[in-house]
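Below you'll find a set of structures to go through.
What follows is chain A paired twice: with chain B in the first complex and chain C in the second.
== the complex of A and B ==
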């Protein structure tokens, strides 16, 4: 029972991790990026090729490559593709519609490229696929090290993001943009520059999440969209622009899914997931962690 | 010119060009044989389709064309293969549209099958309607027993749920009699038609074989964590673990059994168990795992095939893909026996002759493969066929499965 609960927390950590970058992109840059999952899978592939390379390197090293690549690519996407849309959009609703179309197209292009380059084969590798020795000997709990690593990664990144947003000048500006981009601009915040920065950082977070998730879930060139959807659910549950809320919403989703599967039936996990999502949409349409 | 006249004009032109094509074909050999297929390239089933089917289509095309093509006796000429293909996105309605398109608009000479049971079933009536013989290589459903007669142009290549599940139960029953297992079996299955049918077939037979099914649960496709399920199986003290699983979960089940230290003496995973990725990921720990489908690595021509496969895809071939390659070989041999593209005659040859292939000798009785490989096992780092035990090249069961570490 305790193990199931912990398993749910770890799973939820993963959901939160996957959603962090998307929330940064959507919350701060105001761009709903449907190609988000492709960058996550990109991170996973770079990790895979790092492990499967001749030198059989540690997948963590792949972050040295994937994070800068994702950062630069996402920065370029924002500057070249999104900015023209932002400039011409009369309001947020119009922007949302344009952005969804463009990023949907981008998703197809990126997935197509991934299919051509990496084929549709299912990939996976073994990394830290053992139970945590401390928890298993002292408490008899079997907790996979790779899932634990992803969980700690999620907490670490959420904490870092939280601290940056709370205690730095850039962070204050980013928060101001989340609340009211027009007012922020009037106060002298360079909204376009910071939006590009947040978007790029979101992409880098996606690549990091992809690497961490790839240590325990097999993936292929076409699985990115599943992560986009999961992330979207978590972001909407948490409330757009809430960083710590994203992690909390992810944890909630993971625990409810796992406990429901354990207490009722594993076949019901999807139904439980979407049931929770619907419930939250009905009761708190702006998200769990937004102040009304 | 308004739109309507334009459409009419185009249609007339297209009609004229096909007509002239036909006249021309009577005079001389065709310069190519056009094969059409619609298959899943994106979506959750994309990776499986790539690994099992598409890769084999491409490899077969290359190898046949490198040898000059398919020999058409009537013209005494070897004719190369050309493909026309589309992505059905895993949607049956899309598949139907594309199949119609391939036949009516692209006017392909022959068709190849789609991927996954429900897609094979969706395609069977339509290719029968247009009288295109197709060997369905990725369908396993109890329905084929009744449907084969209805759809005379569809052939069914792989083992059906009963054929796949019964040998597992029989083997466990035998091991129980010999006192080697307790007969306590934990069975889990993916909540898809495949999983449900395999599960039902196994559980029913298990009763007859004197086994005790101590856990019987399903999980949704693409579950993110199957550890609770494995822990439940462990808690039942089962020493046999039978998973009617699909590709992503097959990997996850295998990994999570290792993490929690669940060491059943007898372990089966279904679809995806034969993927080379299993060995890439788990190394020698794959040994002893029983899998869906099998192969005789000693089949003549296997070494050349493996070499060509490695050269084309830079990875080893998947044992489950050999049934697809075998079906392509049957198609080629049938065309060569007929000597021209006469689909009715090709269908009749496939229905009656025996064809030597890399997947053993293939013979269809009532359009169903008379003796497909049903259960394989990882032994010494490769997949071998274990059941049916009386099939040429079958290896003895490796029991008990070695512990993970």
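== the complex of A and C ==
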């Protein structure tokens, strides 16, 4: 039972990690990026090629390449593709409709390119795939190092993001934009520049999450959409623009999924996932961790 | 909107002849053509049904695959117990009932939440059906029917024609105006005395019934079905893009979009490039053709001066300023320009 709970927490940490970037993108720049998972898979592939290269480098080193690439690509996507839509949209509803279509298109294009370039094979590599010695000797818990790394990465990134948003000047501008973009602009915030920045940072977070997740889950060019969906579920559960809420919602989802699978039936985990999501969407469409 | 051809006997006769030609097609064409036509009809019916609700009210639904799959499963289960026509009816009723339940609980979600919800709902139904199938040891359900390809063709043709005609008819009734009013501004519509919930749920369910029926008819040609065939998300996306490419604001728009997409898919099927082409279609629709192809066609139709042409046919001479003054290229150009002027206009779904 404790093992199941811990497994749920670790899984939930991963969900939170995956959703952080999407929440930053959707919360600040108000653009729902459905091609999000593709950048995650891109990060995973770069890590894979780093490990499989001639020098067999540490996958953590791949972040040096994947984070800047994802940052620049996402910045370009926002500047070139999203900004014209933001400019012409009369209201948020119309913008949402446009953006959903364009990013779906982007998702198909990126997935197609990934399939052409990297084929549809399932890839994976082994990194830190041993039980944590401290936890196994002192508590008798078998927890793989790589999962622990992803969990700690999730907590670290969420904490860093929280501190940046809470204690820096850019952070307060970003928070202001989450609450009311028009008022923020009137207060002298350069909304377009910061939206692009937040969007790009969200993409970079996706690539980081992809690298961390790829250490223990195998992936292929077509698995990106699963992460997009998971991230979307977590973001909507947490409430748009809530950083710590994202981590909490991820943990909740992970625990409920594992416990449900354990108590009811392992075949139902995905159904439980979507069931929880639909329930929250119906009862509290603005998210669990928002002020009413 | 193009005028209802009631006052124009020639249009009526042409339409009737066209329908007759389509109905007689299986007597002449090869089975490849018939198969292609079945695919086209299915997509046209689905896209029209989708646009009937989502195009007018701007509630973008990704639950097409859910209702489609419900139709498939209803038929796969019931065709062993009921005669085929009854099983088909039951499939449509099943889609209708599920949609009423879904609609009553969810249609207060708007915008992106509705999109995501319908997508999640499809996955939820998929997973539950899959789990049920595994538990009851019927992961693949075999279909035993003696329906021939021609019968499937004729049934689908009838369903498609009915869907397009019904969508056209409803768009001209009070219900059609109510739907459009909801799409423009739901609060205003409610204040104008429209029972928005009833209208939305009813139309959502009606479009779902058509989707379920199309799914059920298509099932007849498969040897077996399973959950991942029935609840395949690709259906939702293809239908969505077909409707948006054609123009969801017109009853005949989705048909215009669905036909080229099916032909494109037929050429590229199995190739990775279909996903890329589909993606580029999505992007192109948003940037280049907001509103779809239908408004463009309509402008061309208006720019085309029917009276002048008729006179030219009667007198055997081109009217003033047609041949000499490059009149018709100018008209065409004006029509094109007017259509492209929408580029900078507001994008309405």
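By definition in this document, the second predicted complex is superposed on the first by the 292 of 292 C-alpha atoms of A that agree within 3 Å, B and C clash if a C-alpha of one lies under 4 Å from a C-alpha of the other, contacts with A are read in each partner's own complex, and residues count from 1 in each chain.
Just so we're on the same page, contacts are C-beta pairs under 8 Å (C-beta built on N, C-alpha and C of every residue); 3 or more make two chains touch, one makes a residue touch a chain.
Predicted, not measured: the structure shown is a model, and the values here were computed from it.
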| item | value |
| --- | --- |
| First (chain B), second (chain C), both or neither touched by A:72 | neither |
| Which of chain B and chain C A:265 touches, first, second, both or neither | both |
| Chain B versus chain C as contact partner of A:281, first or second or both or neither | second |
| First (chain B), second (chain C), both or neither touched by A:187 | neither |
| Touched partner set for A:123, first chain B, second chain C, both or neither | first |
| Touched partner set for A:64, first chain B, second chain C, both or neither | neither |
| Touching partner for A:142 - first (chain B), second (chain C), both, neither | first |
| Which superposed partner A:113 touches (first chain B, second chain C, both, neither) | second |
| Touching partner for A:159 - first (chain B), second (chain C), both, neither | neither |
| Common interface positions of chain A, toward chain B and toward chain C | 111, 115, 265, 267, 270 |
| Chain C-facing residues of chain A, complex | 32, 81, 84-85, 88-90, 92-94, 96-98, 100-102, 104-113, 115-116, 229, 232-233, 236, 265, 267-268, 270-271, 274-275, 277-278, 281-282, 285 |
| List of chain C residues in touch with chain A within their complex | 58, 60, 105-106, 109-113, 115-117, 119-121, 123-124, 127-128, 130-131, 134-135, 237, 244, 272-273, 275-276, 278-283, 285-287, 344, 346-349 |
| In the complex with chain B, residue positions of chain A that touch it | 3-4, 7, 10-11, 14, 52, 111, 115, 119-126, 129-131, 142, 144, 147, 216-218, 220-223, 226, 257-258, 261-262, 265-267, 269-270 |
| Complex interface listing, chain B residues touching chain A | 41-44, 46-51, 54, 191, 217-220, 222-229, 231, 247-248, 251-252, 255-256, 258-261, 272, 275, 277, 280-283, 313, 315 |
